[in-house]
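The letters A, B and C name the chains in turn, as written, and every chain counts its residues from 1.
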Amino acid sequence: MLKQSTSLKVRLPALVVALEVVMLFLYAVFVTYDDDADAKMQTNETRPMDNTLYRDYHFFADVQVMIFVGFGCLLAFLRLYGFSGMVFNFLTATFAIQWAILVQGYFQFYSDGKIHLGVINLLNAEFACAVVLISFGAVLGKVSPVQLLVMALLEVPVFSVTEWAVLKYIKINDAGGSILIHLFACYFGLAVTFVLFRPSLNDGHAKDVTCYQSDILSLMGTLFLWVFWPSFNSALTLKGDDQHRAVLHTFIGLSSSTLTAFAFSAMLNKRGKLTLADIQNVTLAGGVTVGATVDMMITPAAAFALGVMGCTACMTSAASTTFTASQGSSPRWRGICAILLATEETYGPSLYETFAYRAPPEGDPKLLELQKLIPGLKPGLGRSGKEQAVYQVAALFCTVSLAALGGIVTGFVLKLPFLASPSDEWCYDDEVFFEVPSDFDSPGLLKVPIDSQETKV
Amino acid sequence: MLKQSTSLKVRLPALVVALEVVMLFLYAVFVTYDDDADAKMQTNETRPMDNTLYRDYHFFADVQVMIFVGFGCLLAFLRLYGFSGMVFNFLTATFAIQWAILVQGYFQFYSDGKIHLGVINLLNAEFACAVVLISFGAVLGKVSPVQLLVMALLEVPVFSVTEWAVLKYIKINDAGGSILIHLFACYFGLAVTFVLFRPSLNDGHAKDVTCYQSDILSLMGTLFLWVFWPSFNSALTLKGDDQHRAVLHTFIGLSSSTLTAFAFSAMLNKRGKLTLADIQNVTLAGGVTVGATVDMMITPAAAFALGVMGCTACMTSAASTTFTASQGSSPRWRGICAILLATEETYGPSLYETFAYRAPPEGDPKLLELQKLIPGLKPGLGRSGKEQAVYQVAALFCTVSLAALGGIVTGFVLKLPFLASPSDEWCYDDEVFFEVPSDFDSPGLLKVPIDSQETKV
Amino acid sequence: MLKQSTSLKVRLPALVVALEVVMLFLYAVFVTYDDDADAKMQTNETRPMDNTLYRDYHFFADVQVMIFVGFGCLLAFLRLYGFSGMVFNFLTATFAIQWAILVQGYFQFYSDGKIHLGVINLLNAEFACAVVLISFGAVLGKVSPVQLLVMALLEVPVFSVTEWAVLKYIKINDAGGSILIHLFACYFGLAVTFVLFRPSLNDGHAKDVTCYQSDILSLMGTLFLWVFWPSFNSALTLKGDDQHRAVLHTFIGLSSSTLTAFAFSAMLNKRGKLTLADIQNVTLAGGVTVGATVDMMITPAAAFALGVMGCTACMTSAASTTFTASQGSSPRWRGICAILLATEETYGPSLYETFAYRAPPEGDPKLLELQKLIPGLKPGLGRSGKEQAVYQVAALFCTVSLAALGGIVTGFVLKLPFLASPSDEWCYDDEVFFEVPSDFDSPGLLKVPIDSQETKV
């Protein structure tokens, strides 16, 4: 029965070939170079070193390390699921970026019937990819690579539409993507999990455990994410002092949330020891909470405080979820989510100073005055602080709704029978989808099928 | 007998000291700073931030990560050969770069009796180093560190001469080094293996196996190579839009070859599972196939197609090699090579658009016209498309010939008796050249010498 | 007794909360943005891409990888102490940087009653952090995370005062930090170890051993440090050709010390095998020895020679320390230190050419002459070569004295009873401070308490 249901021999190649044929067609018809990558656009006044490549590429490379190495290692924290964690992350991320280049390109870089491609699109696409990978964390161990591709196929457009709608019509500030990226990913993932709910995994799973080496690998993933998070949070801000502040705030917020995570981890453990899952996940909370205001003049101390608050929200929520029903290794992931729900909804928009849309509108004499002080200032919408707060709340609501809706639909699609979904006893197990080396599963965990274990009990 | 033949106590220090004395002498006599690293060349019009350091250094750092971490981890895929894979890569790469700075420096950065040193030389030297490391893959597990140093000592000059001859006299386009780097490395490695052929390793070797942790380590190596490959392919292109395109094409080509590799891996496996060796190696094929045309206006869709084709060539060739005689873990490496042979020879030069040498020559009125459109255009040789194609074929032929010749000579040198070559039963084993910790070889593979195994059979 | 003495449940949160409250207060009162991070300082003549962010950030990111990933992996070389090595490095580094931003900021970036924060401060703070982490190496396995935080709390100010005093009053050249960073860290660590001396650990400890995977992890740490060391050594030099030379010299010095380390490792081993600890540590010696003169016109050959000398000093000293009393895994660390003591004191200041303070003073006609040749030249102090040599010696003496004094005081503070110090038998063991997974300690080392082992003997 195993072979019938989970063999990738036909399903995966068929899906991949179909996707690639369609994408190759779309690339051929719609994708061209943007001005900085187009030889025809270079004139005798073009200075090669002014190319946007040199502005964006190294931030892009940092984010690449985060997505492929950082996430890959982080998701390899299960003892028998290391291959899957790293490899499915690799597969999903690669496809999500390719796909997002087209979908986001259509919304953001489309003109004259073409998507204009430069490093900046790749960077944007990696943000959409991050959304998919965060949602991936919610279904880790319970889905096949075919299901993951389908999830990415559906999530990327829903996210792109949401992002486009929120930024275009509601107009909020969200440089580090706290609202759009993390919140969307969170609710989408929750919604998918809700639909895919497997009651038999409710009491834990024999294979849903870590081992020493997998924990260390996952910790390396955390460190890579931690180290490059300032690049992530600042990659899409305005250049100059804005990006400079984004780097500073992210670093400070991460630092204070890291210290706080250590304190909580020792305090909440009954034997006063550190729990590695806290170090692996909660230390990163500060990078998320500083996100929405990362480029603003919030002061370094505020970034420090946001880091502490984010971590606190994350730890207390994670602690409380131990009382509620948990499914598999999701508590770890829910902890990460909790931070978002808590900070956005509890502390909410009162934390945000907002500039761009509170600037006076075109023609307002105040604008001219301000432009003398801040030359690059573009006309805004003249929103008051309260008005902007209402818009931020509207954006939250809109994002959450679309994410949940998209997640539910996606969940039902993933339940379709031919997607190689692993049965309960084969969850969290590399052996379903990989040729494993001979030492797989030695020397540790007995690999008794769940059924027989339950019989024993 | 083991101690007599493989002890490094005298051989390695003697060789290293000899090499270092010679190199120190050569550095002292011939190496000076280039203009951007020379305090005397800075005038009151020099703007420090215009230094080429800021243009090249971060690309250089990326390539460093690829060479030392990426290759190092990738080559540590064997269960009992992890130390050797990483450490011999470290040793060989370090020496190859030092040596290439001198040898390549003589061909490319030599004037007024001096080699002028800047970060750009280091970058060039790392490309020569990559050649040595790719060839290293062909002899992995079967040679001593002394042999590796000798191989690097011989391969670097042969490569440098080939590169110089091909670029200077035949004049081809090869920004990403598909032809020169990968093809040369491939044939050189094949030639060395041909000479060093060990019939007793033909039926496989008990130690030529992976384990769970070594596979994961190797996968991390792949991810680091994957992530920074755009830096590698674009590091030596013209600055500005050319480099921008090189980044885009490499990323797209890698992505499409990665998806394709997953499809083939599942399809060609009889149980419909993924094979990790495919993910570790074949995913990178696209980075190689886009290499020769990486900076040209080939369109993003063409890069996508090149990635798919490269991966396909690699997988089908690798599959076919399972019918032919294999030696040790080389099939894995031959798969990588196959891609090169296939794409260069089969699809061949018809894939290439070529600009630089097809531009009109000095004095041609067409040149002036074109220079109005493309101001940086240098006079070319006025070659037609067909002419250029002939030259590309000539370059292929020339590269392959010199690589094979050099490889055969090197192979015979490596057979000299005092180079600490490990005997057949001690191949793929860290214990020959390293003090290993007490847990080495537990809990897995029984380490019965090959002879006794054969006796049993 | 274990639970009473080493539980972190109260101690760690109490200390962290206290530190964070104080730091949040200090950040709120004293820290503001520097000009490049302050929106108010941008005028209509500000070009965003001239922001110092783009000059410094990617070097900062490289150093981040070194500190969090490189050091973290390197310190995880013990078989049962991998969690602690990586995680305590993470904790200590995070706190040290936060704290150094304030303390160093007060000495170096303080004006108008505020510390002005930019990426350059973070970079400076990471150098102070590196000092703490090097000293950490001396006490690895024998202290609690609470003790580590206290050590960082004390070491950062002592270092900052020393750095400030030496640079302001004695005025020496030390771009790569050979004297200040490495020498200070070394003597501070030695002094702390001297006070914390545990006679029972003198004969080795059953848990003070590596295993295959931990050695490979540590090797990865070495490779990350090796790869980014040029960024570290050049991050704080003058921009332009100075930084360019710093990169070149560091790379060359590292390369030659790496080759030399391989030669010594094979030569000094009685069976002619390589010892992984040498590859992990001694290969990096060259990065340290080129430090003090890294930005000067010393010629590439001199950098080569400095690398060889540094490595030689390190290996011979390390070999000689095997005759002296050793404590735990410190020999490994002492080897690293030896290099510093040897090169600074033996070869000493005669190696240094010194520019900055030997330049003619303001008003000297020679200055004007020189400024025609080297436009950026600032007036110096007109010191002769000999005078400068005396100052360098004075700086050495001053640094060593303050480091030793600070280390001794810190050592006594760390002996205070409530800092969760692990008892002798629980040294080098993750289980004291971490919840460990079920496979911890299998399949290797028998975890018999030291006492019972001694009874057996």
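Heads up, the rule we're going with is that contacts are C-beta pairs under 8 Å (C-beta built on N, C-alpha and C of every residue); 3 or more make two chains touch, one makes a residue touch a chain.
Remember, it's a predicted structure, so these values are computed and weren't measured experimentally.
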Work out which chains are contact partners of both chain B and chain C. A
Suppose a student superposes the Cα atoms of chain A on chain C; what rotation angle should they report, nearest 5 degrees? 120
Over half shared numbers or under half: where do the identical copies chain A and chain B land at their interface, same or different? different
Whole-Å gap between the CA centroids of chain A and chain B: 34
Where does chain A touch two or more other chains at once, residue-wise? 58, 213, 443
Going by the contact rule set out above, which residues of chain A touch chain B in the complex? 3, 6-13, 16-17, 19-20, 23-24, 27-28, 31-33, 36-44, 46-49, 51-54, 57-58, 61, 64-65, 68-69, 72-73, 76, 82-83, 86-87, 90-91, 94-95, 97-98, 117-119, 122, 145, 213, 217, 432-440, 442-443
Chain C residues touching chain B - in the complex, by the definition given at the top: 50, 55, 58, 62, 79, 209-213, 215-216, 219-220, 223-224, 226-228, 230-231, 238-245, 247-248, 251-252, 255-256, 258-260, 262-264, 266-267, 269, 271-276, 279, 283, 297, 299-301, 304-305, 308, 373-376, 443-445
